[in-house]
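One chain, chain A, links the two complexes that follow: it is found with chain B in the first and with chain C in the second.
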Partner chain A sequence: MTQIIGESIPRVDAVDKVTGAAKFADDMQFGPGLLYGRLVRSPHAHALVKKIDARDALALPGVKAIATGADTPGYIGLYLQDRHIFATDRVRYIGDPVAGVVATSEEIAEQAVKLVEVEYEILPAVTDPLDAIKPDAPLLHPDLGKYTVANFIFPKPGTNISNHFKVRKGDAEKGFAQCDVIVEGEFRVPQIQHVPIEPHIAVAQAEQSGKITLWASSQSPFAQRNLIAKALDMSQGDLRVIAPYIGGGFGSKAGVSMEACAVVMAMKVQGRPVKLRLTREEEFFTTFVRQGLVARTKIGAKKEGKLVAMKTEYYWDAGAYTEYGVNMTRAGGYSSTGPYEIPNVHADSYCCYTNHPVGGPMRGFGMPEIHWGIEQLMDQLAEKLEMDPRAFRLKNCLKTDSDVVTGWKMHPIKLDECIEKAAAAIDWGKKESASAPHKKRGKGLAIMWKAPAMPPNAGSSSYVRLNEDATITVGLGGQEIGQGTHTVMAQMAAAALGVPVSWIRIATPVDTLYSPYEWQTVASRLTWSMGNAVVAAAKHARQQILELVAEHWNEKVQDLDIKDGNVISYKSEQSLPLHDMVVYGLPKEGDCGWRGGPIVGRGNFMPTYVTGLDPETGQGPRAVVHYTVGCQAVDLEVDTETGQIEILRVAAAFDVGKAINPDQVRAQMEGGVVQGASSAIFEKLDLREGKPRNASFVDYRIATSVDMPHKIIPIIVEEPQDDGPWGARGIGEHAMVPTAPAIANAVYNAVGIRLPSMPLSAERVFLAMQEK
Partner chain B sequence: MLPTPGLPSFDYIQPASPADVTKMLLKHDGDARLFMGGTDVFVRMRDGFITPKFLIDVKRLPGMTAIKFTKRAGLTIGAGASMNAIARHPAVVEHYPILAQAIDSVASYQLRTRATMGGNLCNASPAADTAPAAIVLGANLVLYGRRGERVVPAEKFFLAPGKTALKPGEFLLRIEISPLPKGAVGKYMKLGRNAHGDLAIVGVAVLGYPDKRAKSGYAFRIALASVAPTPIRSPQAESVLMSSPITPEVIARAATAAMETAQPISDVRSSAEYRRAMVKTLTRRALEAVVDLMHGT
Partner chain C sequence: MSQHSITLTVNGTTERATVPSNMTLLTMLREVLVLTGTKNGCAAGECGACTVLLNGEPVNSCMVLAVEADGAEIVTVEGLAHSAPDKAGEAGRGHTSPVTTGETGRGHTSPVTTGEDRWGLDAIQQAFVDLTGVQCGFCTPGMLISARALLDRNPHPSEAEIKDALRGNLCRCTGYTRIVEAVKQAA
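Let's turn to the complex of A and B:
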């Protein structure tokens, strides 16, 4: 049998996507009864809603209904229920949904939107996290103390801080006193957008029976079912979420955003589907953005180069609602040191409400933001110590059994190997000349770590169902968002069962009515968590088959195996193909009945070992399931006459435990590098007084193919994860984390400037060079 | 506040003759807009910036999409010719490569199959890439109106952002570019925020040719995009290059003079400070490229 695990088989969704057969939410046909929705949005960053008058809008021919906060006064949210589906008494960002108009066409709905009169009383807006924490700052959520919250999130009622994560490890003050060299800095990271090719879209239909169906471009059909059902006080069993193919998510389609609006609007027009789709411009600031960060960090080391102490404050510009964002700030807290062993740490991670777009999950979940400052400071420290940045990191980076900031011992990892390989791939240490007299060349590197940021008990489940011809239908609830997870699941199911991978059929689309539960497609957790569930289901099916055949042959299960789709006996050397028997069973001898029956395996996985942390010290036995670590090394040129950065080479080395599909692992590294470079050089949602100035592709530039690094060198390092399938860990997000600081370090190496904030646009680089 | 899905309703008119176009424009004064590729009109309608009740499609008028070249008369480009058709035309590639460079810097290939140079000029964006190229090529714009045809040089066509020399009822029929002086070479350089597809932060067009009357032996035309309310020429920079032999030092002085001609604003795309500096960099680079080409020929 050909090897399946570790083989770069083609993607199972490739043909459908390339031929256009793949159906996305907006492709689905709902017939002539389909209605359309548009949202009335707040034009103010912060205001009280005094009155909504929808009479004129309702009188417009074609308008069927208008939903407002009065229809759903309750709260919704993942970790902290601080958000209304439609605003009730207050709006907190420009774009906050106030009402939803349902009409026979999008154009009529949009006309009606303009006829909805909303009376606002404008309040002072908070647009900087450092203003948000001032004692006299306007309070965005006076009811913060009353909100339902997860037990690992710590809001500060009466302030704009919705989560405060603390680390008190060792004694930072004493630590700094022992340091020979100390560096410190303030770093800022702006809000950026995920810009998936497919904007958000949801279609909802409510029946008189109380049952509701939601079709959505979604990373999280089960989380959406759960959160929306809870907010509407309905049974999860009566809400069905169907999630067809999705045109990119990067976190923006996790949790719940506009989907809940579509459901509430559909409830006003029972029996008819309502389609709500965002324009590209809305996409930029009305669902999730990556939240901003102000980091104030100080790091000290002994003169021989060993890290001793770190003090850091992370002020997250988390936006108007932090129902999801609170956990980014928690992740920023428990990972606050970056992948370093530092004995004395004093860290505070504050989730600050601001009148900005809602901060939500985005590829890397808090990590690209904190590593931006950490990794530049580490270079500054190395420079002061007159140490090579690579050698400095090799000396201080986490290794197997190192002390982790939360008091855990690091599980087996090979970060040092990642550093050595990435650096070597760009000829680290070799001075190379620039391609033209007006260009300067530089090299830089950065390292990273990231754990899946999720509740301690985020679960996965799967079924494996055998068909007559022994093809296998694998049920799962994780979404194929372009990362290739369904291909990897097919490989795992085939390998665990003992059949060719071409026999596997993934049961799509994910449909909460039929598909097994999956928490969310986030956190780079599917290969590991859903993989474990799929393997368990496949093994369960396999066990049933082996027991059936063992009985049939009168042999022992342990002497049997399934190879290449046949049950074989190592003892009697008999062989029996799987087809037919996996549905119809096998006849008993002498035509006196049958044994067996249709084979269905089931499996689940949930980490059971993650513990709470002490709220005062951030210390505890095990903060997370595991960390994926890696290093990127960048070789670039800066045009000294324009400030333009041209990336020649990026080497990305990550310890993925085990690459189930190496080509897909490499593709994730390449994609992460490109998105990371794009954020480092081009991207910023330009907010002034809460108002986005560049909410379109005209003025929000992202890297295109011609802006990409000339060469990306992905390097796979494998130190197995003890509870990962075949040792695998996730790699979906990680390559985005160190890209920006590695570029910043290379720019410093090239032209001697450091910008404390992203992006390193040509203009900002040029002007900084002029000032120097 | 936000662009909305779909387009507002409008009437589509396809007149049979230039006279009909003028009649329609005058009849629906203020409510009618000319429609060529639609790459600008539709976007601005969707964004709510303009709300024309009538779109007058002039692409199908006789000769509107034609591109013609003779050695004696030079190049004639119908106002409705697509950018890609112009940039790939053998005569443009051979005799007016600077125009192809300017066109190829606009948006994307897909968009340029619809976009027209005529539309690009008539929108009168200060950032229009084809405008500085048209100016240094000495293009003449043939307009049609109540009194028939009249000709306006490209350099005099732009009055203010979005405002041109077109009078009520007038529209652009074609762009005429005479044969260039012997030995003329040009270069268009553009800086955007990323490598391709952006609007110009700065655009610089330079045309140079041997000229015995000039002290330097060469004459130059320099035009700038995106650094003033309209595309502009920089006579100061041009005169620097006329009066002394072309050396790196003189090129640098001319680039500084071009920078001083610019009156940029700060906006979401760039600060005025950066724009000014980039006028200098790009002018110098374009001049160097043109001088290299002239010496090469």
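Let's turn to the complex of A and C:
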């Protein structure tokens, strides 16, 4: 049998996707009964809703119903229930849904939206997190103290702070007193958007029986089922979420955003499906955006180059609702130091309500934002110490058994190897000339860490069902969002069972009625968590098969094995193919009946060892399941006449534990590098008084084929994870985390300027060079 | 809205449709002909997900009215395998299903087993499969069409020409590297 684990087999979904056969939510057919929805959205960043008059809209021929906050007065949210499905008494950002119109066509619904009259009383808006925390700031959520909240989130009622995570480790003040060199700075990260090429789409159908079906472009069918059912006070068993292929998520399609609106709208027109499809303009600011960040950080070291103390304040510009964002603040807190061993840490991570678009999960979950400042300060510190940035990081970075900021000992990792390999791949230390006299060349690097951020008990489950011909249907609840997870799961199931990978069929689309539970497709957790569940299910099926054949041959299970789809005996050297017997069983000798029956394996996985942290110190036995670490090194040129950055080479080295499919791992690194570079150089959601000014592809530029680095060098490092399948850890998000600060450090190396905020657009780089 | 009766060729088949004046070619393909392989990413001509061949030229079908396509020849992603000029007349065309039946064939014709052209895929489709030019797959149909159009007019493009031909097709997953490599392989 050929090797399956560690083999770069082609993606199992590739043929469907290149032939146009792959079905996305907007491709599902609902027949002539389909109705269409459009949302009435707030034009104000902060206002009270005094009155909604929908009479003219309802009178428009073709309009079937209008849903408002009066239909669902309750709250919804993942970690903090601070959000209404439709606004009730107050709107908190431009785009906040106030009402949903259902009509026979999108055009009629759009017309009717304009006829819904909403009377607002405008309130002062808060559009900067540093203003939000002022004592006299207008309160966005006067009821913050009444909201239901997870026990590891700490809101401050009576303020705009919906979570405060603290680290008090060692004594930062005393630590700074011992330092020979101290650097500090304020760094800003703007809101950016995920920009999946597929906009959000949801189709909902509510039956008179009370059962509801939701088809959605969703990373989180089970979380959507759970959160929407709770908000509507219905049984999870009566809400069915079907999630076909999704055209990119990056976090924007995790949790619940617009999907709940579609459900409530469908409840107003029972029996008929309602399709709600966001426009590209809506996509930019009405689902989730990446939170903004203001970071004020100070770091000190001894003259021999050892880090001693860090003090940092992270003010997250979390937007109007922070039901998901509060956990980014927590992640920013428990990972506040970056991947460094620092004995004295004083960190505060504040989740600040602002009248901005809703901050939510995005690839990296707080880590690209905090590493932007940390990794530039580390370079500044190295410069003051007259140390090479690579050597400085090798000296201070986390290694196996290092003290982690939350009081845990680092599990086995090879961050040092990532640094060495990434640096070597761009000829670190070698001065190279620019391609033209008006260009300057520079090199920079940055390191990172990131843990899956999730509740301590986020679980996965799977079934492995054998078919007559011994093809195998693998049931799972994790979504294929482009990251290749279904390919990797096929490899794991095949390897654990002992069959060729071509026999595996992944049961898609994920359907909460039939698919086994999965918390969410987020946090780069599926390879590890869902992988463990799939392996457990495959092993369970395998055990049943071996027991059946052992009885049939009158041998012992431990003498048998499944190889390449055949049960074999190492003792008697017999062999039996799997087909038929895995459904029909095997005949007993002498035509006196049968044994066995259809084989179905089941498995689950849930981490059981994550503990709480002390709310005053952020210290505890184990904050997270594990960290994936890595390094990126960038070689670039800056055009001194235009400020334009041209990336020549990026080396990306990550310790993934074990690459189940090395080619897919490399593809994640490449895509992450380009998304990271795009965020570093182009992207910013331009918000003025809460109003987005660039909500289109013309005005909000993302990297195109001509912007990509000339060369991306992905490097796989493997120090196995003790509880990962074959030692694997996640890689989906990580590749985006160090890209922006590595570019910033390379730009400094090239032209001697540092911009404390993203993006490093040509204009801003040019102006900074002029001012220098 | 006045209605228009149009006739056009889509993936080699003659289609007649009655469409309102303001219906785009994209909407007609997706909602009237139910060819949903062509994607709607922005409806503003900016992302390229809806790219189709109109008389051999790549166009954003969201920017073309259906009535403008009257009499035209359209190729969508569903028709790529059929439209490959070097494959015309080959047996097995269109049998793109990865599912097989029969006891001897179990599993062995699955898409995961092969780097070969087994389903009559166009060379550009096969290259996207072989080199992982696909992640989420939403930009893929438009990307394939733009790449096919490039190779039809320039069978041996340089890397710069490939990147330039794809600059109107946004991809957020792959970082474009493997897409560019796939076009090189298919050339």
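Simple rule for what comes next: the second predicted complex is superposed on the first by the 772 of 772 C-alpha atoms of A that agree within 3 Å, B and C clash if a C-alpha of one lies under 4 Å from a C-alpha of the other, contacts with A are read in each partner's own complex, and residues count from 1 in each chain.
The rule we apply is simple: a contact is a pair of C-beta atoms (placed from the backbone, for glycine too) under 8 Å apart; a residue touches a chain by one contact, two chains touch by 3 or more.
Keep in mind that what you see is a predicted model, and the values were worked out from it rather than measured.
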Which term applies to chain B and chain C once both are placed on chain A by superposition, clash or fit?
fit
With chain A at the apex, the angle to the CA centres of chain B and chain C, rounded to a multiple of 10 degrees, reads 50
For A:706, select first, second, both or neither according to whether it touches chain B, chain C, the two together, or no partner.
both
With the two structures laid over each other on chain A, which partner does A:10 touch: chain B (first), chain C (second), both, or neither?
second
Between chain B (first) and chain C (second), which, if any, makes contact with A:641: first, second, both or neither?
first
Partner chain in contact with A:41 - chain B first, chain C second, else both or neither:
first
In the superposition, chain B vs chain C on chain A residues touched:
C
Answer with first, second, both or neither: which of chain B and chain C does A:490 touch in the superposed model?
second
Touch check for A:592: first (chain B), second (chain C), both, or neither?
neither
Would you check which partner chain A:279 touches, where first means chain B only, second means chain C only, and both and neither mean what they say?
both
Lowest inter-chain C-alpha distance for chain C and chain B in the superposed arrangement, angstrom
5
Pick out the shared contact residues on chain A: the ones touching chain B in one complex and chain C in the other.
279, 696, 698, 702-704, 706
Can you tell me which positions in chain A touch chain B when the two form their complex?
38, 41, 43, 106-107, 110, 277, 279, 281-282, 641-642, 681-682, 686, 693-696, 698-699, 701-704, 706-707, 761-763, 766-767, 770
Note which residues of chain A are touching chain C in the complex, please.
9-24, 26-27, 29, 194-199, 245-250, 279-280, 469-471, 481-484, 487, 490, 500-504, 579, 663-664, 667, 670-675, 696-698, 702-706, 708, 712
The residues of chain C that touch chain A in their complex are 30, 34-44, 46-47, 49, 76-78, 80-81, 96, 98, 103, 106-108, 110-115, 119, 121, 125, 128-130, 132, 134-141, 144, 162-164, 166-180
Looking at the complex, which residues from chain B come into contact with chain A?
1-6, 191-199, 201, 268-271, 273-274, 277-278, 281, 285
